[in-house]
Every structure is written in structure tokens, then in C-alpha cells.
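Read the structure below first, then the notes.
Chain nomenclature is as follows: A, B, C, D, E, F, G and H, assigned in order of appearance, with residue numbering initiated at 1 for each chain independently.
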Amino acid sequence: MRETLEAVADGELSVAAAEARLSGYATTPSGRFDAAREHRRGIPEGILAEGKTPEEVRDLAEAAVETTGRALVTRADETHRETVESTFTPTAATVSVDDRAGTITVTSEAFEEPSLAAAVCIITGGTSDYPVAGEAGAVVEAVGADCTVIQDIGVANIDRLFDQLAEIRAADVVIAVAGREAALPTVVAGQVDGPVIGVPVSTGYGHGGDGEAALGGLLQSCTALSVVNVDAGFTAGVQAALIARAVDEAAESRK
Amino acid sequence: MRETLEAVADGELSVAAAEARLSGYATTPSGRFDAAREHRRGIPEGILAEGKTPEEVRDLAEAAVETTGRALVTRADETHRETVESTFTPTAATVSVDDRAGTITVTSEAFEEPSLAAAVCIITGGTSDYPVAGEAGAVVEAVGADCTVIQDIGVANIDRLFDQLAEIRAADVVIAVAGREAALPTVVAGQVDGPVIGVPVSTGYGHGGDGEAALGGLLQSCTALSVVNVDAGFTAGVQAALIARAVDEAAESRK
Amino acid sequence: MRETLEAVADGELSVAAAEARLSGYATTPSGRFDAAREHRRGIPEGILAEGKTPEEVRDLAEAAVETTGRALVTRADETHRETVESTFTPTAATVSVDDRAGTITVTSEAFEEPSLAAAVCIITGGTSDYPVAGEAGAVVEAVGADCTVIQDIGVANIDRLFDQLAEIRAADVVIAVAGREAALPTVVAGQVDGPVIGVPVSTGYGHGGDGEAALGGLLQSCTALSVVNVDAGFTAGVQAALIARAVDEAAESRK
Amino acid sequence: MRETLEAVADGELSVAAAEARLSGYATTPSGRFDAAREHRRGIPEGILAEGKTPEEVRDLAEAAVETTGRALVTRADETHRETVESTFTPTAATVSVDDRAGTITVTSEAFEEPSLAAAVCIITGGTSDYPVAGEAGAVVEAVGADCTVIQDIGVANIDRLFDQLAEIRAADVVIAVAGREAALPTVVAGQVDGPVIGVPVSTGYGHGGDGEAALGGLLQSCTALSVVNVDAGFTAGVQAALIARAVDEAAESRK
Amino acid sequence: MRETLEAVADGELSVAAAEARLSGYATTPSGRFDAAREHRRGIPEGILAEGKTPEEVRDLAEAAVETTGRALVTRADETHRETVESTFTPTAATVSVDDRAGTITVTSEAFEEPSLAAAVCIITGGTSDYPVAGEAGAVVEAVGADCTVIQDIGVANIDRLFDQLAEIRAADVVIAVAGREAALPTVVAGQVDGPVIGVPVSTGYGHGGDGEAALGGLLQSCTALSVVNVDAGFTAGVQAALIARAVDEAAESRK
Amino acid sequence: MRETLEAVADGELSVAAAEARLSGYATTPSGRFDAAREHRRGIPEGILAEGKTPEEVRDLAEAAVETTGRALVTRADETHRETVESTFTPTAATVSVDDRAGTITVTSEAFEEPSLAAAVCIITGGTSDYPVAGEAGAVVEAVGADCTVIQDIGVANIDRLFDQLAEIRAADVVIAVAGREAALPTVVAGQVDGPVIGVPVSTGYGHGGDGEAALGGLLQSCTALSVVNVDAGFTAGVQAALIARAVDEAAESRK
Amino acid sequence: MRETLEAVADGELSVAAAEARLSGYATTPSGRFDAAREHRRGIPEGILAEGKTPEEVRDLAEAAVETTGRALVTRADETHRETVESTFTPTAATVSVDDRAGTITVTSEAFEEPSLAAAVCIITGGTSDYPVAGEAGAVVEAVGADCTVIQDIGVANIDRLFDQLAEIRAADVVIAVAGREAALPTVVAGQVDGPVIGVPVSTGYGHGGDGEAALGGLLQSCTALSVVNVDAGFTAGVQAALIARAVDEAAESRK
Amino acid sequence: MRETLEAVADGELSVAAAEARLSGYATTPSGRFDAAREHRRGIPEGILAEGKTPEEVRDLAEAAVETTGRALVTRADETHRETVESTFTPTAATVSVDDRAGTITVTSEAFEEPSLAAAVCIITGGTSDYPVAGEAGAVVEAVGADCTVIQDIGVANIDRLFDQLAEIRAADVVIAVAGREAALPTVVAGQVDGPVIGVPVSTGYGHGGDGEAALGGLLQSCTALSVVNVDAGFTAGVQAALIARAVDEAAESRK
């Protein structure tokens, strides 16, 4: 601890970074940022922009970059994005944005990108599933796993799916994103020998169109998937990332 | 009307048959039997045994045989079955029973079996879907359509399904019976060019296991099915029978 | 395959049309268009505009016209409509729009309109059910079946319904569109001898007013209907179209 | 009060009857019996047997007879019935039982049957609706209104209903009892000019089969009914009885 | 019929009025107006503005005035109101509007206001229940019953309620409008001896705040109410009006 | 710790009691008993018998008595009761049972009954609410608070309630137990100035009869209650006990 | 009463204040204000702005200040706030506003702030829970209890929680506000020995994201909480305030 | 293929085994056994006994043993168990049974047990969660992963959990089984750096007690879990097994 305090005294360490190092979190005007998440969980903490003001998102993103070298913002709308971009652009940090997925990634110059020897494949039933798939992809890429996205292979035309099966099978873990009746994850899980994580999407209308039919179908799947909540691309990405890390560690520790 | 009344007076026509001919229904101690259903709808009225006493089922079955030449009883348990069998066995009527499906068919000697130039294929995802499929089959056979049942071709092993696809495609209408996530009807409807009727089944457990997940999935199906209620094999059979009749009539009227 | 490739090389066949001919679908920047749907299912693939940008709808409509000669867009709002109209108007294609139903049909000059020897009757309970009925009608007309729409015959004044019964009975298949308690499809199905497809509509308020009361009522109907999801005019139209095709084929094959 | 206490002292009034007269309720080992219900509400308090032991039902029935001259027990099973019958049979009270409806009525010799100049008609869709209709009828008869029950006129065969319409129209208030989609109350309410009370029944299976589809349909009815809970024959009977009393009072007070 | 046609020929009767007289309904560009509703049901047909364009509402209101002498529009917003006012204002009809309740009543000069010898009391739990109460009141007044509205007597301060009890008891029928837990109708029904109709209101938030908690509470009420759907002031008004008519008729017919 | 171990070595302390003292819980063949609950939470841990075998309940009860001097078992059926009674009867412990409430209390001879200077009043709407009220009462008595139970004061006859109001107001905290529409807690909370805890009960039938209507009504109550789950008498008792302790502590610490 | 009337006559007492003193409530153009709430319940009546016009809120706030010396407005938006501020600002009353929580407190100069010898601690899982926590805090402060708010201590990083445990334990009652899965109140309640009131928050998305998952989790909590409705900060504040008063009274009465 | 047929002809291969080898499944009187599941998915197919007759379970188990060397039966009751035991006991197969978990494992003598270099830890909140945990464990053991079960560490006493944390962290994947509010998986997932699969259990009562509260809480978890259906121990076991295999393969392929 003395070392940390001396670094603060010497101006070599910011107060936030020091607090994070000592207590595990950094206090900001907009909440406590869980700076130890990556250490404890192996994945970076995401900043959910939805329901926060642009200023709150900015405060948390700054704390994230300061204490962990980067920030991952999800479900950001245009005002969040503009605020984050104008905050970091003049600095030595890189801001990359995926408009359709609503994600923003900020990386400081000093940040060392991780890399995992594991592959994740994200598949979708239709075009409108992309935002959820893209959110999942942002997390997978943040941990450094190899990430492939194959879109628009819903079961209405099952040939589209079978054409891609070899590529899907090559992954260590599959994230299958689908709305309406969400038959895609079930059919795919019957054809591959790795874990499949199903993500229901709320793109329908009528009874069950808010993603509940898809969720129910995935929970009842006869091909044994695990599931995350409706539209929860972030959660699926985290779970896939954790599996990718387990795979990578196995390879490492037994080299 | 006079003719009918004279036939009653002469003992050539029972009171029930005469009432049915004149008013469209026969009054029994256990309710009014809709004797004109077949005339009006083209399908026989079914007698739902569930929730009725054996005596009530017997009364209605007798009225059915007397006024229309036959009776179709569904969701019958053992006590219903015994009562019906002991009622009709010593008579000139034939009683056939499907224990697993819970159906009883009584046919008087004089009854002329109908025959339709149309084919219905009933498919199921697993063995436990049979009771519902059998109930549907009983109706399809009652109208005289050609009826094929293909069981246990759920999508967990999609090869089982593709092996049977040619036979399924040969039908004029398909009834697809499935529980759990009910992906089978969706996948099949993407592969055939006739109408598919999906029947959700209540064989699961947990969230949506009472058939609600299957129902939601069928209503949201990306391959455009029509649907009947959970476990409603009878309704699916009626709808398929009515389509079979429309097909048959088209062939007839344009011969 | 060689023939197809030579046609592409000679500029006689577009890349999209060639891809569709070879693989069954055409890849666009906005997703894979299922060009083989009509071949496989006997009905054209619809393009659901809701949840897509005008540009995505335009891309898919262009692929549809290029590979199948026409496009059917549903649930289109004003911006979708304007984009589609401005895309196709200067070309040799015809664009027809139904504002109340939200449908757009684009037909290339070369497209040969199909014609089926089968009749579909679409009935509604009230004026506000029209958008759903119109969507169903667009599909029925796309396959070339004879299509009649009878509006505003809900059971509150049952005379309005009985006045139209003869015309309803003349159809091979009936689509009955109704909101609130949706008693209309049940009453009609008790009076006709062809298949009836019930479509619940979300025009109410209070408990069940989002179409759930209507859906529940149709699933429980004592007169044995098949059902599609709330507001799912497209699905009802497809199912009726498939029945119409089965009827037409029966007439053809037995001529 | 003195008078009441003197009557108790003289043994002319039981303790329970005196307590009821003074406080409005009689305390029994099984709860407080609301002896003033009939005075306050114009209808007798019912004793719901379901969920009570036979002894509790007996205690309350004794208090009811002692303080108000009669008892009305609903949802009684065989053990309740036997206990009540054996309690009152040797006394000067009359016990009448409706097994199908689960009601028991006990009337002391001294009780003066009320009579109202008003007519209630109870109709049902099918035979299995009788228990609920019978429960409603027991209350209607208890207040002395004229009570007609017309069974088994569901809309699947609408002729059965129209045959009875004149008799239904003759009533001051109609109770319409129906399960499944419960279209009957809606159709009837469109044809009569008096108040209709809809009672949903839980005789179905599948989605909405527990009476929820019927309840939803009645709440959404396009013909403006009022509704009671699923299987709540007692409540419907009370509401009809109160309307019958209002009608009777109007006739009385303006004679 | 000849008489009617001659009146049309002579220009003494409009085409719409003649159609209504002969068939029971008047056909407008915006649907069939049920002109016989009042004759058949004893209450005027209401025109639900919600979900209709101002032009549709105007068409139906014109047909209503032409064929029945008046129009009752419910759930009208500002655009509906302006269109109706500008349509009828220059004519010999009177337009009266209740902004908070969203009702518009149009009465032709020739229309003879009905009058019933019966009293309806409408009570509410809080100020925000007024729109629903006002809608009910418009129907009650349309049939000519005596109508009293007592607001803001929810049970949180039960003294407010008891202060008004005498006035409530004086009515032949009570409409009790309440949101949140809707205890008011239950408490009142325990204190009066006439029929009480409970109307749940959707003014809450959180679990059950959309009126479902109130609806559930009314259906389960231990004091035997009848119920209408959430926010369904119109339906409650119709039911109360029908009871008022029955009361009035009893007085009349027995004079 | 040494002291504890020496006591075990000397046979003065059982292994279980020693484990509990050191780790806060006692390991049994049927699970870990949370022996520190009372120390940490101020209330004894309850043993929920429902879903456990009689042997499991016995194991846990023995651990409870051994480590804390007593055991409180809830939702016990006859087999649980017999096993517990036969286990403890020959020992120096007292077993008291409430059959209707399903509770069993075992107290070792050495146990010193606590006593709190605070009063809890438990009220119920009807007789069938007693099991839930009794369960709550067992917890309240276990902490030594003064506990009064007033039954059968539902709002259908509001005089029954007002007769008891003075006694209810005298308590520091009120537990109001009610089924059906659960208006009682709302009405009472409007009349008293202490905290009221509402407990919904599942004694109804039809829509909301499983306690959901009561729960919804309590959560929406216009008189600001706090709520526990359906039938959760134990939880209500704990919450009241904790309030009673806070009240008692305030009195103590400020003496 | 005479005294009150004389004060009115002399102009010393406003009409509203006199009415409130005599009848317990003050009648305003926007409803009856429950002026006796504080006397009867020990807490001030809140004015729920949501669903009311600014004018209605102003009327009620004026009545509140006039009759009780202050007003507490909740769920106020900007228009409510502006109207209230402009109404009271030029007067001798103090207006304090919490924008994030949506609360407005108006205090007349003459009002004597209460003070209770009891402490309430309000904790939240994340920043977005503040509005609900702030609403609860406004009520707690209004009764004069000591109020501490500790934010952003959700269980994802449980160290954040344990760092604050000592402060939480020091309170007499804890309000735990949490969205998503709401594990925080359960974990905290296992660690403190006072009553904990859980408040579910509607800040999630997907299945259960409207606060239903949090509500369900709190009702099922294995650590025996009491619960208020989703987002019902006001109700939680009232319940905590009532407990604080009970604690304070205990200290007082036993001094 | 010739080889297979010759082996059948020579009696070296059973018909079932040959069919399985050629088509991927074995046809039995009780359905098609998916013999290629293990090859295709890397996990054995389970035989769900629930809803099947003992004879059907026996048929499928025989096919499983014959074609894959073993059978894994889940949700077996006593009759299933007796039938399976009596079928295999006299043979060279080993039958092991877990009564509490309802699982039966049959292993032929020739079967070579697999072994994976990966560890799975299964934790439960309470004793009554064991059946679900045991079912998951049976699958994990069937694939040969290292399997640890730690029971009864629910968060009510969080020390019990922290005492076991080191052992939990040592696993490659964690299955967390919990009922009621299911806070355990959320708290654990915040403390470990591998994937956690949450399994909701249906051991509660009241609102959400059927596992829905637990499911909702897991889907909303702030610590990013994946989830399986209520009580779906089998599915959780399969998902963990697939992750274990991925981990093992990584170690293998990179050796």
C-alpha cells in the first residue's frame, strides 16, 4: 500500500487508479466503477449506457480508462456516443464505435490488447438480429478471442444454415442469436459438439413477439443449450469469453 | 315434416332421429347432440369425454349413433371406455378403441364409410406426442382421408427428419405435433409446399413446459404455419379434414 | 451450372439471379433473400419492413424483383413506401400500394401473374380490422387465388353476418379477422363447411386488449378453427394461399 | 336491547340469535357468521364449504339457521353434505341438496320464503357448465325470484340458441354461463334488451382452458356485459338477485 | 317496406334512414352503423373514436344522427372533437363535449330525450378516475336515468366514504370506479342493498398498476360485485343503463 | 477457540455446538444449520418442513436444539410432527404443536425464553386465513413479543372490524392476513398509526384466486403497506419480530 | 366546533383549514385533500403528481400547506415543478426540489419540523436506482428521522457492500433499493439484525426487466424481507417512517 | 456398409447396432434412439423417464446399451427403476441408481469410461436443491470430467459460501443450483473467473415459487451468467460437459 501512496504523492498514479488498486473500485460522481472486475472475473466491466445520462457514461468511461486502460460502453445512443467521442478524441485514446450494435470501445495508447487461443462463432437468424450479435462480439473481441460472425441463416431456408455448418463447427463455442420462434440455436446445437449459448431477440410482434416466445423455446430446447436474457448480447459475450479463457488456459497450462 | 312424423308413428324412425332431422339436434338426458354438425360442417361432431361422467358419454354416443350412424369419443379414460364398450358391444355396432390416444369410435352396421381423395400426413417430434397425434388421426380417418403417421423425427437429430421428407411432401396437408420448443413444425414448413398445421404439446417441465413455449414458438414461426391449442389433436384433425374435403371436392367438381 | 455461369459471363443473367439459381438465395448488403421460397413453398417470400431501414427494404426488394420477378413488402410505413416507390418507379416495374394495410407490391414487366382455381373469403368484425385483413389479402392475391373481402360483420348485430353467409360459404377457405372477444370466427366456423383460419387483432384496451383475449378465444373455439398470431395477416394469407394451391392442384391433376 | 336480553333470560331467544340481533353477527367456534347480511345487502350470506372442514360448515350453518331461519352452503363435497344432513335431518328444518351444483339449502320450519316479482334466466353453453349455473340458481331461488335454466345452447349450433331466444328475452336479467371461448354471452347480449351477466367456466384445456380465455373474452365483449370471476356462480347469482330485488322494489313502491 | 321506399322516393326519408329501417344498419364509407341497437338492446350504439380517423368518426356520427336522432362518441381526442364539432355545429344539432371524459354527444333538434324512473350513482376513489366515470355517466344520461357522481371517496380515509353513504344507498344501481387496489367497490358493496358494478382503472404503476391489480381484486371481491374491463366506463354505463331500464319498466308495467 | 476445543475434549460441549460456536453453523446429514442466525439477525432460524423428509427435519431440529436451545419448524405435516414428537418427547425438551398452523416448537429445558417490551397484533379476514396467521404468530412468540390474534374481521361486514379497532391500534406493529381481494389490510392501514405488514393468502378460486389478486392489491394499496409473499406467514412474523426488537431496544437503550 | 366556526368568522382560520379540522379533509377543485392523514397515520399525505395536471397538483399542494403546514409532492415532472415553484415562491413558504427523485417539498414558515430519535439507512445497488431511493428519503426526512443514503453497492463486487456494512448496521431500519435480480437486499438482510424493506426497481430489459424479476426475487428472499411495489420509493419511505416513529415512541414513552 | 451387413449376417452385430451405425439411430417399439448423439454432440443422449411407461424406458435403455455401451436415464420414479434394474441385473451390465436425483446409469461390461482433463463444481443453495444438482452431476460424470458437489451454501449465511470459495474457484466451470430468489449464482459469479451456469429450482411457494422468481433473477443477474430452464439439471450438466470437453480438447490438441 505504501508504494501506491507514494506513487500518488509523486504524481505517478492518479487518485482514481490508486483507489482502484487499493479498494478494487474507483469512486466517480456517477457511481463506483468496478476496476477489479477484470482481475476478479477475467473480463472487463461493461458500462451500460441505457438509463444513464451522457455525463454519467463519460465519468464512468474515464474511470475505466484511467484504472484499466480501456472502456467498453454498451446500448449507447447518439448522445452518449457524441459525448464519449468528444471526451476522448483529443487524448491518446482510440475510440471505436459500432452504430448498429450501440457499442463504444475506448482504448488508451498504453493498453496491451489481450489474445486468447480460442475461437467464438456468432450466428444470427436474420438481419434484424445484428445489434444483439454485435454487442456480444464486442465483448468477445475485448478479451482477445478469435471472433467470427455469420448472419442471416435462419431455418426458413435450412440450406443457408447447412452451407455454413463447417465454419460453425470449427469454433470452440457458439453464440446463436435469434428472434421469433428461435429454432436456429436448437437446430445448430443438434449439429455441433461444442457449447452453444442461445440469445433470444425481441424483434417480433403479437403473442411472444417481445422475445418471450424465443426465450421459452430456448429454455425448452431439446438440444440442451444454455441461455441468456432477451437481447442480452453483452451477457452472452461474457459467457463465451469466459469459456474462451478456460479453453485458452487449458492450452497454456498444459503446454 | 309430415313424412318424418309418419315414419315415427310407423316405428320406422326413432324419436331422436326424427328430432334431429327436424331441428338439427337430438335432446338427450345429458345434453343436446348436434346431429346436423356433419351436414353443416362436413365433419362429425366429437364427444369430449373429459369432464363428463361415463353415463353422459354413453347417452351422447347413443344419440350420435342413432342419428348419424356413428360416434367419435375423445379424451376417454378407462371408465368411459368400459361403459361405451358394454353399451354397444352386444349391438350391431363396431367399437374400436385407441388406448394411447384416448379415442373410441362406434360405427353402426348400416353406416357407409366416407372416402376422400386427399392425403394427410401427421408427424411427431417424440414418442410422448403420440396421444395428441392419434386423436388428430381419428378425425382424419373419420372423414375418409388417407392418413399417414410418422413418429419421432424431432430436430435434435435432423437426419431422422430428412429421411422422411419425401413421404411428408406427398401429403396434401401436414399436421406437425411437437412439445418442448416445437422446432419441428417450423423446420418442416420450410421444406414442403402444402399447408402445415402445428400442434403444441404439453410434455415439458419448467418455464413453458405446459405447452406455452411450444405454442409461442408456433405462433411466431418464421415459416408461416397455422396453429391449434395445446394438445388439441381433435381441432387439428378437424382443420386437416376440412382441407382434405376442399381438395376432394375440387377434384370431384372438376372431373 | 455451366449454363448459368455462361449466362452471367454473357451478361444475360445478373449475379444475384445466378446466385439465387445456384444456391437458392441472393446475398444483399441487407441480408440473404430467400429466392427459392416460392419454388420450395409455393408462395413468394414476404419482406417485413417493420424493424428494417428503408435502405434495407429497398435492397431486399431489388433482389426479390431481380430473382423472382416481384416483391411483396408488408408492414411498411411512409418512409419505406417512399423509398420503394422512388426506386422502382422509373423502371419497367409496377408498384402498387395499400396505405391502410401497409403493403407494397412491386411487379416487373416480365412477371407472369399466377392464377389459381380457388376462392378465399376474408371477413372482418369491424372497420379497424382492415389493416390485418388487407395484409392477408395481398398474399392471397399474389398467388392468384380469387379473393373477396367482407367487412364489418361482427356479432353484436348478428343480422349483418347472416346477410353475408351465402357469399362466405361459396369460398374454399375463410380468413376471419377479429379483435376484442373475437366471437365472429367461432360463429362463422359453425356455419360453413370449409376450413376457417382465425386472426386475432390487437385493437382493444384493458385486460386482453392487446389481442390476447381474441387469441385465447380462437384457440379455445368450440367450432374448431386454426389460428395465427395476433395481427398476423401475412401468415393467415400464406396459409390460405397454400390451401388454395392444394385445391387448385387437385382440380388440375385430376382433370 | 333490554327486550333482547330479557328474551334470552327467558329462554325465548338463543344466545346466538341475541348476539346477531345486537351486534350484527353471531360468533361460532368456526368464525363470525354475518347475520345482518340479508338485512344490509338484501341477500342471504352464503357459506363457502370449499376449504372448510365439515365441522366448520356445520357450525356456521347452525348459526345461520338459528339467526336467519336458513342456510345456503355452496361448493360442498360429499363429506360436507353428510355432516349437514345428519345435523339437521332430525330437526324441524328442511335440507335440500343439488349434488351436481354442490349446493345445500337448509330451511327452518318457521322460515317464510320470500317472493320477488322479477324473472331471471340462466343459460349455459354445454352440459359441463351446469355446476356453475346451478350454484347461481340456488341464490336466485333463495331470494324468491322466478328462475329458468336453459342448458346446452352454445353457438357451435346457433339454431339451438335462436330456438330459445323468446324465452330468454322474457327475463328481467340473464346469467350466461360458458366455458372455452365463451361466445354465447356475447351473442345473446346482442339479442336481448335486459342486463346480461357473463360467467366464465374453467372446463377447457390448453392455453386459456382454466377459464382465462372465457374471462378475457367476456371482459372484451363487443356487446357490453358485466362479468364475474371464473366459476363464480354464487357471485353471478347474487348480482342477478340484487337486480331482481331492484326490479321488484320498483314495482312495489310505485304500485 | 313499400311505405319506406315511397318515403325515400318522395325525399321524405334519407337513403341511410331507409336502409336502417329495412335492414337494421346503415352502410357508411367507414363501416356499418348498427342503427337497430337501441331498438334491440334498449341503449344507443356508441362510436368508439380511439383507433379511428376523425373522418371515420364523422361518417359514423352522421349516420347515427340521421338514423337514430343522436350520436354518442367515446374516447375522442382533440382531432376527433374538432371534426365532429365543425361537422354538426352549423346544423340543427346540439354538440356537447366532456373533455376530461373524452365523450361527445350530438343530438338532433327533433330528438326526444328519454327519461327513466331509476337512479344511478357513480362513485370514484380519486380524481384521476374521473375520465372513466364520466364515460359511464354519458351513457347513463343518454338513456335518461337519474345520474349522480360522487368523487374522491377512496378508503384511505374511510370517513370520506361514510359521509356519502346515504346518498349512495338512495340509488337503484351503483357504479364504483377505482384504481390501485380498488378496495372502494368492495367496501361499498358491503354497505348497500342494490347491485354494484366495479370498474378497475389503470392509473397505477409497478406490478398490477395497469389495472390488473384492481381487476383481480374486483373479481375476487368478498362482497359479490359484477365487473367490467379495465377503464371500460362505457360498458359499465351500458350495464347500469340496462338495469335502470328494467327498474323503470317494472314500475311502468305495474302501474 | 482453545476453550471450545477443551470443552469438547472434556465432553462438556457437543461437536455440533462446538462447530456452531466456531464457524457459525452446524453440519448435519441433512444440511448445514445456521446456528448464528439468531446472533446475526436477532431471530431464530426456522426449519421449513415442506419439501423435506421427516428425517431431514429431525436432523435439523436436533442441531437447532443442541446449538441454540430450541427449534421452530414450519409447514409441518402429520409425518413430520410424529417424527419430531417421538424424537424429543422422552428428552428434557418441550414440544408444542399447532396443527392448523403446521408449526412445531421444541424448547430445551435450559432455554431461557426471551421477552420483548413490544406488542404485535395479527388480524385475519376469515377463518381460512388462520394457518398463515398462526405461522406468523409462532415467530412473534419465539422472540418474546406480546402477540394478539384477532380473527374473522373481513370488510364484507365492516362493523366487525371497527369493533376491534381500539385493540388493533394498541399494537406497535400489525400483521394483516387476508385472501381474495385482501381489502382488509388496506382499510386497517388507513386507520392505525403504526406499520402494517400485509400477507396475501391463497384461499380463493378463479382468476387471482391463488393469492395473486391479494398480492397485487397489497402492492397497489393506497394506504402504504409493506408486503410479504403469498401465504408467507413466517416471513411476516420475522419482519414483525425485527420491528418489535427495534422498539424494545429503543426502550432499553434509552432507559 | 363553535370555536372553529368563530375563527373562520373572524378571518383567523381559512375555510379549508376549518373544513379539515371539522371533517378531516379539505375539498379542493381537484379533489379532497386528506388533511387528517398525519394525525391518523403519523405521516403526511403525499401528492402523487404523475397523472395529474400541474393545476391539480397546485390545488392540492395549496390545500396541504394551508391545512397541515407543508406539502410533499412525488413523481413530479418539470411542468409540475414550475407550477409549484411559481405558486409558492413569492409566499412565506420554502420550496425544495430533488430533480432526480422527482420530489418537491413545500414548507410554510410556521411549520415546526418534527424530529424522531430513530435512524433509517437507504442503500442502492446502482446509480440508476437513485430516483426511487430519493423518493423514499423525502418521506423519511419529512417525519424527522435520521436518514443516510449509501449508493452503488450492488453484489457484483461484494467488497463494496462489506465496506459499508458497519454503517448499515447502525440504522434502526434499512431500505434496500435494487433492480435487475435484486440480490442486494437479500444479502444485506442476512447480515443485519433490524428490519429490511426491499424495493424492486424497473431499470432492466428483457424478461423481468420491468422490475418483475426483482419483485419476485424479493418476495422469495431466503432472508425474510418485507417488500413494496416496483419503484414504490414513497411506500417504502412511509413504512420506514412508521417504524421509526414506533422506535421513537418506545424511547419516549419509557423515558 | 457391406462390412456392417456382413457382421449382422454373421451374428456379430445386432440389428439395432447395425441400424445405428448406418442411419445414426436405432428404431425401437418405443421410438427412435439417437445413437449418434454422442458422436455428433460429444455427450450421451439421455432418456427422460418422466412421461414414459417403464416399458418404453426399458426399450430405449436397451437400445442405448446395445448401440452405445451405456444408458443414462433421468427423472425416473420407482417403477422405472425397478423395471430397468430387473432388465439389466442378470446381464453383464452395471446399474447404478441415485434415488434422490432420480437417475439411473447402465454400463455394459465392454464400455470404456471416458476421462476428461477438466473440473466441474456443482454448488447448491439448500438441501432441497440436491435432486437437480445430482441430475447435473450424472451427466458430468458420464463424460468423465472431474465433478465436485458442494451443498447448502445459500447466501442467508454468506460465511458458509466464503468458506468454500477456494474450492469453487479451482473448477473450470461452475453449475450453481438455487431456488427461491436464487441469489447464490449471482454472488458466486461475481467472485470466480470461469463460466457459471445458473439452474433455477422450483422449491418455493407463493408468487414465483415454481422457479419463475429464480429464473427471472438469473436472467437478470448483474454478474453475467448463462441459464438453463427450471429444474433442468440435465441441461446444465450437458452444457458443463461440453465446456469441459472443449477445455480438455484444448489441452490435448496443444500438447
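The working rule: contacts are C-beta pairs under 8 Å (C-beta built on N, C-alpha and C of every residue); 3 or more make two chains touch, one makes a residue touch a chain.
To keep track of the chains, here are their UniProt names: A, B, C, D, E, F, G, H = Nickel pincer cofactor biosynthesis protein LarB.
What you are looking at is a predicted structure, and each value in this text was computed from that prediction instead of being measured.
Novice: Give the rotation angle, in degrees and rounded to the nearest 5, that superposes the C-alpha atoms of chain D onto those of its identical copy chain H.
Specialist: 180
Novice: Suppose chain centres are the mean of their C-alpha atoms. Which chain sits farthest from chain F?
Specialist: Centre of mass proxy via C-alpha means gives C as farthest from chain F.
Novice: Could you give the separation in Å between the centres of chain B and chain H, each centre being the mean of its C-alpha atoms?
Specialist: Here the centre of chain H sits 38 Å away from the centre of chain B.
Novice: How many angstrom lie between the centres of chain C and chain G, each centre taken as the mean Cα position?
Specialist: Centres of chain C and chain G (C-alpha means) sit 54 Å apart.
Novice: Residues of chain E touching 2+ other chains?
Specialist: 40, 126, 156-157, 190-191, 206-209, 212, 215, 219-221, 223, 229, 232
Novice: Mind listing each pair of touching chains for me?
Specialist: Applying the touch criterion to every chain pair yields A-B, A-C, A-G, A-H, B-C, B-D, B-H, C-D, C-E, D-E, D-F, E-F, E-G, F-G, F-H, G-H.
Novice: Contact residues on chain D for chain F in the complex?
Specialist: Result: residues 23-25, 30-32, 34, 36-37, 40, 50-52, 56, 202, 211-212, 215, 229-232 of chain D touch chain F.
Novice: Hey, which residues of chain H end up touching chain A in the complex?
Specialist: 40-43, 117-118, 172-173, 189-195, 197, 215, 219-221, 223-229, 232, 234-236, 238-239, 242-243, 245-248, 250-251, 253-255
Novice: Within their complex, state which residues of chain D touch chain C.
Specialist: By the definition above, chain D touches chain C via 125-126, 154-158, 179-183, 186-187, 190-191, 204, 206-209, 212-214, 216-223.
Novice: Considering only the defined contacts, which chain F positions touch chain D in the complex?
Specialist: 126-128, 151-153, 156-157, 159-160, 163, 203, 205-209
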